[in-house]
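Below you'll find a set of structures to go through.
Two complexes follow with chain A in common, the first pairing it with chain B and the second with chain C.
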Partner chain A sequence: MRHVAITGVAAGLCLPLALFAIILIPIPGLPAASGFWIPAGFYFVMTLWFGVWGALGGHIATTIAMGYFFGYTLHVWLDGGIGDLIAPLVCLLVFKLAKANPELKTKRDKVVWAIAVPLSSLICGLWVHTVHLMFGTITWPFWYVGVLTYFIGDSLAIFTVGTPLLKSLTNYVKQSPMYIWR
Partner chain B sequence: MQYTLLFVLTFFCLTTVTVLLDFVQQRIARKYHSKAIEENRTYLYVHIFKTLAEVALLWLIMSFIGQMWMGWIKF
Partner chain C sequence: MVKTFFLHVEDDSPLINLHPLLKILLLVVINVEAWIIENPLILILIIVCLLLSFKFFKVPLSRIVKFLVFAIVIVQAITVSYLLGSTIPGNTVFFKLPWGTYISDMTLLYAFTVVLRFLLMLIGSTLFLAVMRDVDITYGLISMKVPFSIAFMITLTLRMASIFLNDYFKVRDAMVLRGTDFSTGNVLEKARKYSRLAVPLMVLGVRRMMELTYVLEAKGLGFKRKRTYLYQFSLGVSGKLILIGLTLLIALSIAAKVSSRALSFPGWPLG
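Here is the complex of A and B:
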């Protein structure tokens, strides 16, 4: 039940952020893309704290924000939503493999964070825009623009919002029984 | 300045000040938070999610002002 609550809160927080990120900084020619994907800063952090439940919240929020409010086709809904589910899980996987700590206290943890975020954003961008390209939603030149936008736009947002959140709140979150780093 | 714009900006200013003051208060009362969390676990989640919501609120205010600046929202 508590896990569902975590997912619900993550989704509730990310939903308006995803909506206004697309409205405020749209990328012409790319459906549901934003140059500064601010919800990623939140669901990355919540995934590093609570695992798949945080990622699921981001996935639900971005799928609804991109699909329902903008009236895109089911393919665009799911493609973007799954991309936003994959990205924080890749970051979590990198942290697990590197045995890094989300508190970002040591230099090693910060380096892992600095590598994991762009890597996750790149994988998300590659997934979303390759699927778009295969379905004929975008043309070939926009594939590069899309991948680059996701790589830079997502990474910037995650570093801007995620870093202070991890550094200031992880100390409290680790007292929760749902914190995954034990 | 139109009344709607005046009202919205006043609301945003007060919200921003309230959120920033809360951040300062959290910093000052850091050692008491741990004690409160030990006594009541719910406090932990309230504290975390309130902070996340406050950061989201600041972003939404910035995005609104950004949209006014770009001329997408007019008063």
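Here is the complex of A and C:
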């Protein structure tokens, strides 16, 4: 029951934000890319709070939003959709392995957050642009550009949007039965 | 007229009353075919047939043209990528770029082919999504043995998106009334201003999540016994034939791709 609500709401919240991100800051030469992927800040945070179901919400939102502009295709689902499912899960895994707290109260938690976000963005960027390359929508030189812009754009958005959310709202979210860190 | 996700479609359209499973399968098949076929001539032929089928299936193409305009974005992305960053050998090299890539006749043809593959997916998906109702998503996925909770989740997402869009405008307007100017500043400053919308939006989201959990509980979503459904869809003989046809189409396309060059790039002798 809870997971349906988490995923449905997470996806519903991220969907309009993903549409804005593609419209406001597109990257020429890279299909379905945005220089500032706003929803990433939301689904990263929701994954840290609610686990896999938050990530699934981001995955559904990304697939629907990218599909709106670039067609509801297998290609869009495979690259952006799956990529945005992998990224927050990598971040969650790093937090779990490091036994860090999403409240970001201690210096250690902040360091884990500072490492987990770029690492997840890099893995996601590699995935997304390798799928693009395999399908033929981009070429090798744009693979490098794509991975780099993805890495910077995603990390920047997650730090800008996600950090205040984790710092100010984790205490509030703790009261809900969906919170996974107990 | 029947309301679908994107528009209103005439209720006597042959696609509207198709079994939801077949609607989803058609969507999958057209996308898989675009991955298999590389021959530009065959791609053009299928795209023309699909465009004509909008008329046959009584799907208003004129109202979807606005949606198809977004195709320009993908066309520029593919073209820029191939013109500036590819090394595809051809009969004539038109231009050599300082970083080692070049533009040949085959570069242009291959970029055109990739555009056609993407257009095939876009036009095909648009046609089948134009006749997709929210009921079709839920029942189609259930027919594919996807758990009800996942099918319901996807329908819920689409409903929630419009609710959060309203929330977003309300929060933004409230911030504007308190003196925030979203139109000034460089990209980073604008991004910072927009990021401040995140906290109130997230609070609303978490509240909705909790409320929704109780609502779903009250409506018996977690009930373990066998679920009954409001609508009953039957495949029928014609539906089964379409199902077999779609499966055969994929199998034959893969066989043709492997055994001959008919579906491969460029798909005709270059001479």
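In this text, the second predicted complex is superposed on the first by the 177 of 182 C-alpha atoms of A that agree within 3 Å, B and C clash if a C-alpha of one lies under 4 Å from a C-alpha of the other, contacts with A are read in each partner's own complex, and residues count from 1 in each chain.
In this text, a residue touches a chain if its C-beta (ideal position, glycine included) is under 8 Å from a C-beta of that chain, and two chains touch if they have at least 3 such contacts.
No experiment lies behind these values; they were computed from the predicted model shown.
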Chain A as common anchor, with chain B and chain C clashing or fitting: clash
A:64 touches, of chain B and chain C: first, second, both or neither? second
Chain B versus chain C as contact partner of A:176, first or second or both or neither: both
First (chain B), second (chain C), both or neither touched by A:138: second
Which of chain B and chain C A:13 touches, first, second, both or neither: both
Contacts of A:106 with chain B and chain C, given as first, second, both or neither: neither
Contacts of A:161 with chain B and chain C, given as first, second, both or neither: both
Superposed model, chain A: greater residue contact from chain B or chain C: C
Overlap of chain C and chain B interfaces on chain A (superposed complexes): 9, 13, 16-17, 38, 42, 161, 165, 168-169, 172-173, 176
Residue ranges of chain C touching chain A (in the complex, touch as defined): 27-28, 31-32, 34-35, 70-71, 73-74, 76-78, 80-82, 84-86, 99, 101, 110, 114, 117-118, 121-122, 125-126, 129, 149, 152-154, 156-161, 163-165, 168, 187, 191-192, 194-196, 198-199, 201-203, 205-206, 208-210, 212-213, 216-217, 221-222
Chain B residues within the chain A interface of the complex: 33-34, 37, 41, 44-45, 47-49, 51-53, 55-56, 59-60, 63, 66-67
Partner chain B, residues of chain A touching it in the complex: 9, 13, 16-17, 20-21, 23-24, 38, 42, 46, 161, 165, 168-169, 172-173, 175-176
Contact set on chain A toward chain C in their complex: 1-13, 15-17, 25-26, 28-32, 35-36, 38, 41-42, 45, 57, 60-61, 64, 67-75, 135-142, 156-157, 160-161, 164-165, 168-169, 172-173, 176-178
